[in-house]
Structures are given as structure tokens and as C-alpha cells.
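First subunit A sits with subunit B, and in the next complex the same chain sits with subunit C.
Here is the complex of A and B:
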């Protein structure tokens, strides 16, 4: 379970809308499995179809986690033209980072964004409840 | 029949070569260029990470043999990488024995063995 809550969900959706039509990406820091901080990251791919977290921002995020006793809880990014489900590229990108959750924000219906969370381990995708499956 | 079989074999080989090329090019893709990897994995398969930016966590020590700081695997103390070229501000003596994160470019050679040209060495909050 990855309890996102309205605030975290809202911050990710706002980021996705601001970056539209390009994909946004960011990171969630957590304590005890719950998000405590949403960190927007630069999508170094600057693309409508792909994302890659900026290296320096990722390292700074990890250092902030070390300093504050946070866990690297999740990576989020948006899909602007497809559903909130990991693409084959997303699965490949997750290969070297199996520990965090992967959160997808879909803006296919911009009035009703969909947020879903997944584990991606050894190429296998499994959806994780976020505690608020019915709302956007 | 023989010619058909030959074409099939050639096609299969071509697919194999193209797939292998693609995997070599894209197989190392990651959500960022930098990879998070354990000290154990760095020392066990150094060629996979040579020349790549990495970030790793371990216990800071000092190698008398190399006269340099080293990062020891948290769980398996037999594995260590040497920390080279760290130009950060604070001396690292105060961090010896503590869990730290080291980020930089990984390398492997006969002189230093597995090493990281470190751009960052910092403690991890207990």
C-alpha cells in the first residue's frame, strides 16, 4: 500500500498539468511508508513520450533523504496520451531502481486525471493500492 | 527447401544481432543516468559499471594499502571500493566508521582496484 492522500496526489497532478504536453517526473520521500515530501524533478528527456530524472537532482534528493532520515519512496511521472500504466520503456527504466514505487499520472482525460501506483521488480508489474482508488 | 532453411537461419541471426545490439545500447537504461548500486555489486561485476556515474552506500574506512579512504559493504565487509579524487570541503576522518553515501564515477584498474572518483561523500542520518 502506498497511501498518497489528496495533497500528494494534487501536487503530482498539478505538476503533470503544468508540463503538459510533455511528461513530468518527480520523486516522493517517505517515512514509514508514507509520503512526506513531493520533489519535482527536471525531465532531462524534455519529451512528450519519455522521462529521465535529472542526475544532479536525483543525487541531491538522495542526499536530502540521507540528511533527514527519509526513504526514497517513489518515482512519479505523467502519461499525457496513454493510461496510467507502466510502458515497456518505464519497465526498462525501473530495472536499476527496483526499490521505489512507481506512480503514474494519466492526463488522457484532463478533467479527470488518473493516478495509480506500481511495483516494478524484475520486469514484473504489480499494482499497489493508494488508499483512494475511486477518486482522481 | 535448403535455400529456405538458409534464409531462415540468416534471418534468425540478423534478429539476434539486432536484438543484442539494442540490448547493449538500451539494456543499461535507468530512470536517471546515475545508478544506485551496492558495494558488493560494484566489486563483483566492475566491468558493468566502469566509467558510469553511480551512487552507493557503505561504511567509510581507511585503506593502509592504498593510503586512501575506502567504502566497505554494509552487510559484507569483505567488499570495498577505494574513494579517489574527493575534493569536497570537509575532511573525511570524522566520518570513518559511519554509514555514508558516495557518489561519483566508478572505475576499475590494477592500481586502485575498484574505485570511485567521488564528487560527493556524506553521512547518512542514523
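Here is the complex of A and C:
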């Protein structure tokens, strides 16, 4: 369970729309399993097809988590041409970070963005509820 | 525990703190920071790896190199911007070993691909995303001859991911005056095989798919739908009408060119915006238009026209520029004049007109009064 809530969901969708047609990416800091902060990251791939959280921003985020007592709760990124589901590339590269949730924002239907959350462990994808599927 | 490890370190080595991110902590005794030592980044990592062998496997690949997705920082500076593994460290420095967070909808360009295609990628009309489009594209070349050769070569150099080649012929000495896919040692070899060898010698990334058969009404609708764009390098009217009709039925863009003597023509047919039959409703009577074998052809001009076809294919894949759709480019090599005439879809076209009478592939040998080229070539190699 990754409770996103309208505010977090809205911030991620807004970020995805601003970066369209390129992929956006960012990080969610949490406390007790709930998101407390949405941190937009620079997509250092600057691409319509790829994302990579800017390495220095990632380091700073990890330090901020330690300093503030946050957990590294989730990574989010957008898919502009495919559904809100991890791609084979997403799964392959998630092996380095198995603990955070992976949140996908799909803008295939620009008027009706879809947000879904997953765990990616040992190459296996399992969807996790976000607590507000009704408004998805 | 940390103190005990410090005592194990040599007296002359400098204690350095390494920040361990969450994914690696269970590999490092659940520590957030590990005190270790060394005079360079490489030495610190070696010491760390000796302490925690499982962590070493994450930091180094099987060749002992730090993989691209692992970033090493010294006092928040990534070591690539310093001196890499030779970066000196001193007492009190803080290092961090951070795996990148990345993903995406399609595969990444490797560093070698970025370098290979750099002259394309730096152009904003191409860029990394355009390069990926090229790498995902599938292009079929009809005929590994005078036109198909340069077209295939430049598409391969551009990194087009899949290139299909339809040809049934073998390399003849008389081909070598213009057919750049084949060399002296290839005489007698199947053209498809020779083409694949040449293409992959230029760019091993290209998946070259061989269709070693004459294109006929029986196989055209099996082969053509597998590709995104069709390049017509056919040398005879029978195949040319077949390719036109099959590409139309399959909904594929056809990049067409033809050549004879010192003259060349090129155009692009997009289904619904005109086709070869709009331009030439009926083939000439058999024997009226000589073939290249009968009349000759300027070898260098095949390179010009084949390269124009490759250019049009690349523009189509990237979605840039103004294509030759609805235009016919006429090249006069002797006068060295390039002229463009407008084409339009003919509402009376039997294929793509308002009331089509050709609704499936027909008997093209009967229609053109000439058989498909087989072992005895009727049309010349273009």
C-alpha cells in the first residue's frame, strides 16, 4: 500500500505534463510509509524515451533523507507513449534499488493521466494499491 | 565495530568515511557509514570490497570496471570529474557509492552508439530520440543492386535497426561497375549473402534479414507487411507494379527510384496520396523501354539516386522536412539538372482512385507482358 493522495498525485501529474513529451522523474520522501515530500528531479537523459534521476540530485536527496529522518519511499517517472506499467528497461534498471516503490504516470491519454504504483523485486513486478484507485 | 575496523587499517593509510545507501547497507553490515582507508579512490574501494565481498560485486563488473550505473563521489564530487579511480583521498574525506536510478520506454544508446552516431545525434532534427527511431525502424530493400546498394549502405550507417533485402540473384562481374554492396571476391556469391556481409562489416548492429527469392504475388504480402518503409530498387516493370500495389495494400510508404542511361527519377508514395499507377497507369509495351543491361547506366548516378532514396527514408522515419510525396524528382546527369514536377493522386487510378478495380494483387506477368525476373533475368539490374 502506497497512499498517494490527491496532492501528491496532482504534483506528479503536473510535473509529467510540464516535461511532456519528455519523460519526467522524481522522488518521494516518506515517513511511516506515507509520502511527506515530492522532490522533482532533473531527467539527465533529457529524453522522450528514457529517464535517469540526476546523479547529484539523488545524492543530495539521500543526504536530505538521512538529515530529516525521511525514508526513500518511491521513484516516479512518466511514460508519454505507453501505459503506466514498468517497461522491461524499468525492470532491468530497478535491480539496483529494490526497496522504493516505483510510481508510473502515463500521459497516453493526456486528458486522463493514469497513476499506478509497483514493487519491482528480482525482476518481478507487483502492483500495489495507492488508496485512491477510484479517482485514478 | 567501526573502531575495530579502523584499528585493522595500516598506520600510513588515511581513514575515509564511505556513505552506503540503503540498497547496499545489508551488504555492508547494515551500516550507513563505513570507515575505511586508502590513498586513492581505487584503494579505498579495494579495502571496502575486501571487507564486504558482496558489496564488491555491486561496485565492480566482471571485468573489474566500475559500471556506468554506479557513481562514486568524493566530497560530493563525482570521480569522473576528478581523476577517476586515481583520485587521491585524504584524512576526513567522505566518499559515497550510489547506484543510479534510471529506466525508460525503450533501450538506451550505448556509449559506442552515441559516438558512432554522434554526427547525427548532435543535429536537433535527429537527437537521441531520433536515433532511437532509426534504430527501431524496419526498412525493406527490393533488390541488392545499383539503387538498393547505396540505399542499404547509408541506412545501415545511419543505424536503421532492421534492413530486409529481397534478391534472388548472384553477383556478376558486370554488376561491379556500380553495385557497391559487392566486391571482386563476391562474384558468383548470392547477392543477399554478399549484401549482409558488406552491411554488417560497416555496422554490426544492423539486423539484416534476407529474403532470397524473387518477389511475386505469392510472397509479397508475407514480406512487405513486416516492414515500416519499402525502398524500391527493382529493375523491371513487373516487379515495380507488384511492389507498388503490395505496398499500397499493406499501407506502407514506398520510396521509389528508377534509372537508365544518364537519367534518374525518384519519388515517395504514401498510400492515399498517389501511387506509381497514378503516374504510369500502364506499363510500356514489352521491349519498348530498354533495360540497363540493354542500354547501359551511369554507375555513379545509381549512387546519387540510391542515396536520395536513403535520405527520403531517414526523413520519413524522423518525421522531418518535406518529402518527395506528390513530387517527382527528375535528374539529368549529363546536363546536371535536378527538376521537380508535381504529382497528384489520380481519382481514376485503378488502385488508389475513387473506384478502384485493382483490389488485390493481380497477374503482373500478364499485365506487363513480361515474367518476373528469375534465373533468366528479363529486366537488367538497375
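The rule we apply is simple: the second predicted complex is superposed on the first by the 135 of 136 C-alpha atoms of A that agree within 3 Å, B and C clash if a C-alpha of one lies under 4 Å from a C-alpha of the other, contacts with A are read in each partner's own complex, and residues count from 1 in each chain.
By our rule, a residue touches a chain if its C-beta (ideal position, glycine included) is under 8 Å from a C-beta of that chain, and two chains touch if they have at least 3 such contacts.
The structure presented is a predicted model; accordingly, all values stated were derived computationally and were not measured.
Look at A:58: by the touch rule set out above, it reaches both subunit B and subunit C. Touched residues of subunit A, counted separately for subunit B and subunit C, are more numerous for C.
By the touch criterion stated above, A:69 is placed in contact with subunit B alone, subunit C being left untouched. Residue contacts after overlaying the shared chain place A:47 against subunit C, while subunit B stays out of touching range.
In the superposition on chain A, A:94 makes contact with both subunit B and subunit C. Residue overlap on subunit A between its contacts with subunit B in one complex and with subunit C in the other: 25, 51-53, 55, 58-59, 62-63, 66, 75, 89, 93-94, 96-97. Residue ranges of subunit C in contact with subunit A, taken from their complex: 19, 21-23, 32, 58, 69, 71, 73, 76, 78, 96, 98-108, 128-129, 132. Those residues of subunit B lying in contact with subunit A across their complex are 26-37, 53, 55, 101, 103, 120, 122-125.
Within the complex, the subunit A residues that touch subunit C are 23, 25, 27, 45-53, 55-56, 58-59, 62-63, 66, 72, 75, 77, 79-82, 86-87, 89-90, 93-94, 96-99, 102.
Touching subunit B in their complex are the following residues of subunit A: 25, 44, 51-55, 58-59, 62-63, 66-69, 75, 89, 92-97.
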